[in-house]
Every structure is written in structure tokens, then in C-alpha cells.
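Here it is: the structure, laid out below.
In order of appearance the chains are A, B and C, and numbering begins at 1 in each one.
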Amino acid sequence: MRFQDVISINDFEKDDIEYVLKTAELLERELKEKGTLQYAKGKVLATLFFEPSTRTRLSFESAMHRLGGSVIGFAEASATSVKKGESLMDTIRTVENYADVIVIRHPKEGAARLAAEVAKIPVINAGDGANQHPTQTLLDLYTIKKEFGKIDGLKIALLGDLKYGRTVHSLAKALSYYNVKLYFVAPPGLEMPRHIVEEISDKVDIVETSNLESVIPEIDVLYATRIQKERFPDPAEYNKIKGSYRVDLKILEGAKETLKIMHPLPRVDEISYEVDKTRYSAYFRQVWSGVPVRMALLGIVLGVIE
Amino acid sequence: MRFQDVISINDFEKDDIEYVLKTAELLERELKEKGTLQYAKGKVLATLFFEPSTRTRLSFESAMHRLGGSVIGFAEASATSVKKGESLMDTIRTVENYADVIVIRHPKEGAARLAAEVAKIPVINAGDGANQHPTQTLLDLYTIKKEFGKIDGLKIALLGDLKYGRTVHSLAKALSYYNVKLYFVAPPGLEMPRHIVEEISDKVDIVETSNLESVIPEIDVLYATRIQKERFPDPAEYNKIKGSYRVDLKILEGAKETLKIMHPLPRVDEISYEVDKTRYSAYFRQVWSGVPVRMALLGIVLGVIE
Amino acid sequence: MRFQDVISINDFEKDDIEYVLKTAELLERELKEKGTLQYAKGKVLATLFFEPSTRTRLSFESAMHRLGGSVIGFAEASATSVKKGESLMDTIRTVENYADVIVIRHPKEGAARLAAEVAKIPVINAGDGANQHPTQTLLDLYTIKKEFGKIDGLKIALLGDLKYGRTVHSLAKALSYYNVKLYFVAPPGLEMPRHIVEEISDKVDIVETSNLESVIPEIDVLYATRIQKERFPDPAEYNKIKGSYRVDLKILEGAKETLKIMHPLPRVDEISYEVDKTRYSAYFRQVWSGVPVRMALLGIVLGVIE
């Protein structure tokens, strides 16, 4: 990789992505063989979570332990010097003395970039507001690759609130590096922003629709996300459309046998629990993907894996 | 042991209990000789505390570190996806990807059982509401065995709120596997529930009384628990009886020299501080017992100790 | 060292201080050579932070990991048995069963001393209210020694709220062991307490002034601390004097080239950000000093370093 920080998926060229996915694959295999690795022995990860995200934090901490390293940090801002009026810059300049790598989650856009500019040690963005969450995108790609043995040639639908959804914006851009067909399935008013469609439309085929049922028979991957109730000015409007975007056994009747359903989690009721037991569900394997992918990223930025 | 999870003391037959106590004893000895063990090297424990319990959490975390393993987790629910509406089932299915064993504390009865049914990795119950706290019972038994070299033949009084006390319910049932005489000493209205007395009364001798003073000269173990003020509709009633259930030097005048006093802690004022320095107090050694017992349980369910 | 606990800088004679600084220096060198040390392998540190202090907590946890040890603990009191009415004494007698050394931060003066008297394992004070924070003082001395290769012969100014500032009281006393000249620079009403001035005035030269500008050309070290707005009955009074105590490029015009500025952090606006890039700023290197100094203290009280 040409950089020491992981801030935005936009910083990644296709080669970088492939390098991370390949490294994750090798680490996953080595972990399964040996039970425990020692690449990060003696190294310390600082997890600075200025807003809580248990899933992401535990995933990074697990990855660091699986690499043989240690973890310090905080899970929410309430217990920090921020309350005493300290700037983010000063917090970073302090913590860089205690650790070898920083993973930061922050409610404000751009916080991770600022942290990376200030820090002398590597910084990994674990989500900065509505902006970026690059390790989620990488684990999504890793999951697709693992499920199908490839990404090229697949038909992939992104479902839900595509207007505000950070995850689907990054994923769409990253998928545009590959030879895929994308389906953007969103309720009216929550469509994928024009600037993203335009950015990638010369690289991949795009179908935009509000009708989930119509695309189900064609697709290989259904990537579901939350349709946030609070986005709808009129609750009646929300209730009317909710059903058409809920993934349940009925809507899956027309699906290919090999369809895989993904979700960044946590889900609320976008995917019916009855789907969990079907051949389609890949969302909990997707959770597992977070560990090898984050092991790879930690190992790469720490310089302990080449 | 015939099972991979530790959910309820009711799942334990006497052989299972003896096996845990024996394993704990061996591990305690080995730890004292070697200073540090490596049975769980490379293994990760996830402590999921949906309600805080510092004592229990730190005891488990210490046990895992003493086995050479690592720990991830959270100390209270506030910082979790529960706030985003995630079900316990989904949380478990997520975390099982990050760890090799889960220790769960949850305010709702049955939560640990549900977690164990869902999880592919072992689950240990660290307390689910008013229901079960099996590792407390096991460390109580371990303490008695260590203090006296045996459990059979002892006269053991359980003191305090026996109606609502989770700890004493489990302990009474577990003690009924042994050849002991039990004294249930409770204020009127807070007696041991009938169904528990009936369940064990054909296996052990039981004395039920509200008079602590009268049993003191006979007993080998006095297991004190809190008498919760809030259980009394009339505060005057509470104040009247409080004194008769407070363990102090005066009430201990008639005790056997070898009497041992235990308490699950934290205490408020059930045991006078002056008792700490006497030969009777065993409650802080009881705290220590939590470490080898939890090391044994972690080691057994992880399959790293046979 | 003649003691097993680290409670107050007043317990340290000059030899003790020198021993800690020398040990820290050796450990820092060894850490840089080897990357990771194993002196505390198998040892467990319990960090009991009854009030949050992320900086101090992470510094201790990093130090313990750098020594090869493990960490358990809590970052704030909310999640502890204190809520259930447990005394500090009982908490300590509990936790000493889970760890090999305790680091305690507590809002009440004397709490660390009490903990040390109760505990069978070593206790290090990480701040007890307005009273003591001895590891801060030791890392301050370590920083000065590292910046100048010595402490003797230096002219050192303490700036800010010298009346209520715990840090500057301890530092002043510790510096009085050395052949230094001290400048106490405080706004009227926030001067260094008489009893401290009298205690050390026969050992070191002292200049007391409210005029920062006048001392700048003479000094080697400027140790800045917060001037707390809330100390001023009249906000207008605060605003009037604030400017004269803010360290910025302008006030530094008359400084020696070799002047070093220190600050215990977090800063609010006592030091202008423009100063960070100058040759004068030593405050982030001062943060780093916390790690070797705390490694030394942990290693010494654990008995793993001689």
C-alpha cells in the first residue's frame, strides 16, 4: 500500500484493495492453522471511540489480539479529556505516545483525516460521522469474494436508504473498480445521490429502481441496509413502503439459488429472522470477515506484514 | 463435563461440580508454582455485561489473563448496539465471530440460556437477573472445601433475605448434593421459598428459623447475605429486625472456634467491620476463590484443559 | 526504594527519585532496542479510576503492556459496586485478589493512602482529589532531566494557578531537592501557598512575581498550568489578566534559545497552538515521559526490576 493510514476508501486504488483482500485471505488461513499469530507482539493499539460502536470496536480489538498485540482505549467520549476542553489534535498528540496505531471513531466528518495528519503513528478510520467507514467497505468486498470466489461478473443490488447511507456510498464506489452490474433499489426520495451515480456510471452498468421484487430474480448479491423511519416526513408514508423493502421468505421466492444476502448490521427489521436459516443469508459470515480484514490493515500499517 | 456452556447450577450433577472444584484446585496450585499459565494463549474472552458488575467482570478477566488469554468486551449496555434496537440474538451471533468464549451478564432471566442456544462458541452465565449465577455457587463450594478440606459433615447456615436471594437458592440446591445440615435463617416474610425446601428436604436435614443467635453455637459455616431494606413495606419493621441479623462480635460470642463466615459481597452492613480481623472471616478468601474456579470453567469450556 | 507503594511525592527522598529516574532511563533505552519487554509477563494491573482521567489511565496501561503485562479495571465509578454502597476498603480487599498491582484515581483526598494501607499488593496513586499525583511529578522531573541532561543549575518558572494547582505544589517540593532557582508566576490571589514557600525557601532560591514577561529572559524551563476561570469571582477580572499569562510567540520573543515549555495537559488556551511548532515546546515529549516513568514504577513495586 502506498500510504500508512486508512482514512477513506477514495484513497484506495484497485491494487490497494486487492492487496488488502489478499493479505486478509492469507492471514485467515494462517490463523486457522496456527490458532494464534504473533505478528503484532509487543505492539499496542489505541481504540479511540468518541461515539460508541461496540461491533466495530470489538472487531478491531479481536483482530489486534489475534495478531498477538495489546489494546488500550475508550469506548465513549464521556470519560475523556474532551470534557475538559481538549482539542482532538492534542488528544491525538497525547495518545500517539502510548500506542503504535490508532483506530478512531468520531461523530464529526473529517476527524479521522485530521487525526492522521497530526499523528506520527498510523491512524485507521472506524467511521467519521456520515462520511467514511473504509474498513466496512473492505470487509464487504472480502465477503463477496469469499462467497463467490470472485467479484467480477456479479450482479449486486444495494437496497434501502441510498441517499444518506454512508456504507452504500463507499461500497458503490469500490465496486466500480470491478466488472459488475449494480442495482440501486431505494424508495422514492432516498435514491443514490446523483454525484455518485455520475462518478461511476461510465465504469459499471447501473440500474436504478424502487421495485425490489423486479430485481430479485436477476441478482447474485442483495446488500440490504436500514430504511430509517426518521427520514420520512410522514410516518404513514414510511409504513406504506416499509413492507416492499423488507427482505422475507416471500420476496425471496423468485431468487437465484445462489443469491447471497448481506447487511452491515445491526439490523432492525430490514431482514426477517426467518431468512437467517436459509442458504441466502451471508450477513453473519460477513461479520467474521471483519476480523481478517482488520488484521490485514493493522498488520500492514504497523509494518509487521509484508 | 457433559456440556460446553455454564448456564445454571441445575445443569450440574455432583460429578460435574466435583470435576470443576478439582480442576480449580489443580490450577490454583499450578498458578502458585509457575506464576503464569499459558493454557488459553491466543484465546479471546468476550465479557458482555449488559448491566454492570465490576466484581464479577474483573474476576473473569483476571482468570482469563492468568490463563494467558486476552479479553474484549463491554462493562455496561449503554455503549452497545442494543440502543440501536439490535436483538440479543444478533449481538451474540456477531460477537461469536470475535471471541472463543462469551461471559454474559444480563438483567433479564433466561438471557444466558438464549445466548448459549444461539452461540457456536461456549457461553458462561455471569448472572441473568434474579435467576442464576452459577459461578458464584461454584466458588462458594470451592471456598467451603478449601476452608474445611471437605463439605460433607458440615452444618451450614444461610442468613438473610432467603426469599429473593438468587445466591442462596443456588447454593442450597448445590449443597443438597452433599451430606450437610442446612439452617435457613431469615426474618419472617423472607423465608426460603417452599418449592426449594421441598426439593431438597429429602436429601439434607433442614432447620428453619428466624433466630440467628440460637443457631450460632451449632454451625460450621455462616453464609450471610444482604437483608434488603426495600423488601420491607414498613421501614420501622426493618429497623427493628436489622440488629438481629447483623453479624458482629457480640452475636459471635457463642460460636465454635472453627466457624467460618462467608458473604458473596458487596456487603453493606450485614457484617460488622470488627469481624474482618477475627478468625471467623472467610469472605475475602472467598473472593480469591473466584479466580481459580473461573479459570477452571474457562479452561474446561475452551477445551484447553482436560 | 524503601517502600512498596507510590502514594505521595512527600514519601520520596532524593535517592528514591533518582532511582526511579535512572530506572526509567534504562527501561526507555531497552524498550527502544528490543521493541517489547517481558518483565511483567503474567502480571495483572488493576486500574481503578473512580473518576475519569483518560490520559493517566492510558499512560499506565501502555506502560504495563510495554512491560509485557495485562490490564483489568474500570474507567469511571458509575459501573462499580460503589453504587451498591460498598466501602473503598472492601473494593480494595476484593480487587487485590484479581491483580498484582493497583493504580487508583479517586476524587477524595487520602483515598490512595487508605487503599495502600488496606491492600496486600502494591498501590500507585494516580491522583486523589486536590491532594497528590506523584507519578506526574516524577515524569515532570524525568522530562527536565532528559531535555537538559540535568536538573541542577536550572532556572525554572511555575506559571498559572499556583494556589490550587496540585501539580505545581508537588513539583515545587520535588525540585527543592535540587540546586535550582524557582520562579512562582501567578496572578494576584492565586499565589503559591505560604506553607510551601516556607517549607522549601531555605533549600532553593525563590522569586515570586505576577509578571511573566519579566522572568521570561532568565528562565530555562517554563512550566505552564491552567488558570481556572472559575477561581475568579469576577469574570471581568479573569479576562483582564488572562492575556498576561497566555504563552504565545509574542511573550516568547525575549526567551533564551534553549527555553523549554512544559505543561501537564490537557491545555485549554494557556499555550497558543503556534508555540507547538517552535523549538520551545516540550509538552508532548513530556507526555511520552509518562510511559518509561510508569514502567519503572510498576516494575519496581512489582519487584520484577532491581
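What we mean here is this: a residue touches a chain if its C-beta (ideal position, glycine included) is under 8 Å from a C-beta of that chain, and two chains touch if they have at least 3 such contacts.
Since we're looking at a predicted model, the values are computed, not measured.
The chains other than subunit B, linked only through touching, hold together as one piece. The two sequence copies subunit A and subunit C touch through a face in which the numbers common to both fall below half of the numbers used overall.
Overlaying subunit B onto subunit C using CA atoms gives a rotation of 120 degrees, to the nearest 5. In this assembly, the C-alpha centroid of subunit A lies 41 Å from the C-alpha centroid of subunit C. Not a single residue position of subunit A touches two or more of the other chains.
Residues 35-36, 52, 54-55, 58-59, 61-62, 65-66, 68, 71, 75-76, 265-268, 273, 284, 287-288, 290-291 of subunit C are the ones that touch subunit A when the two sit in their complex.
Interface residues of subunit B, counted against subunit A in their complex, comprise 41-44, 46, 70, 72-74, 78-81, 83-86, 89-91, 93-95, 97-99.
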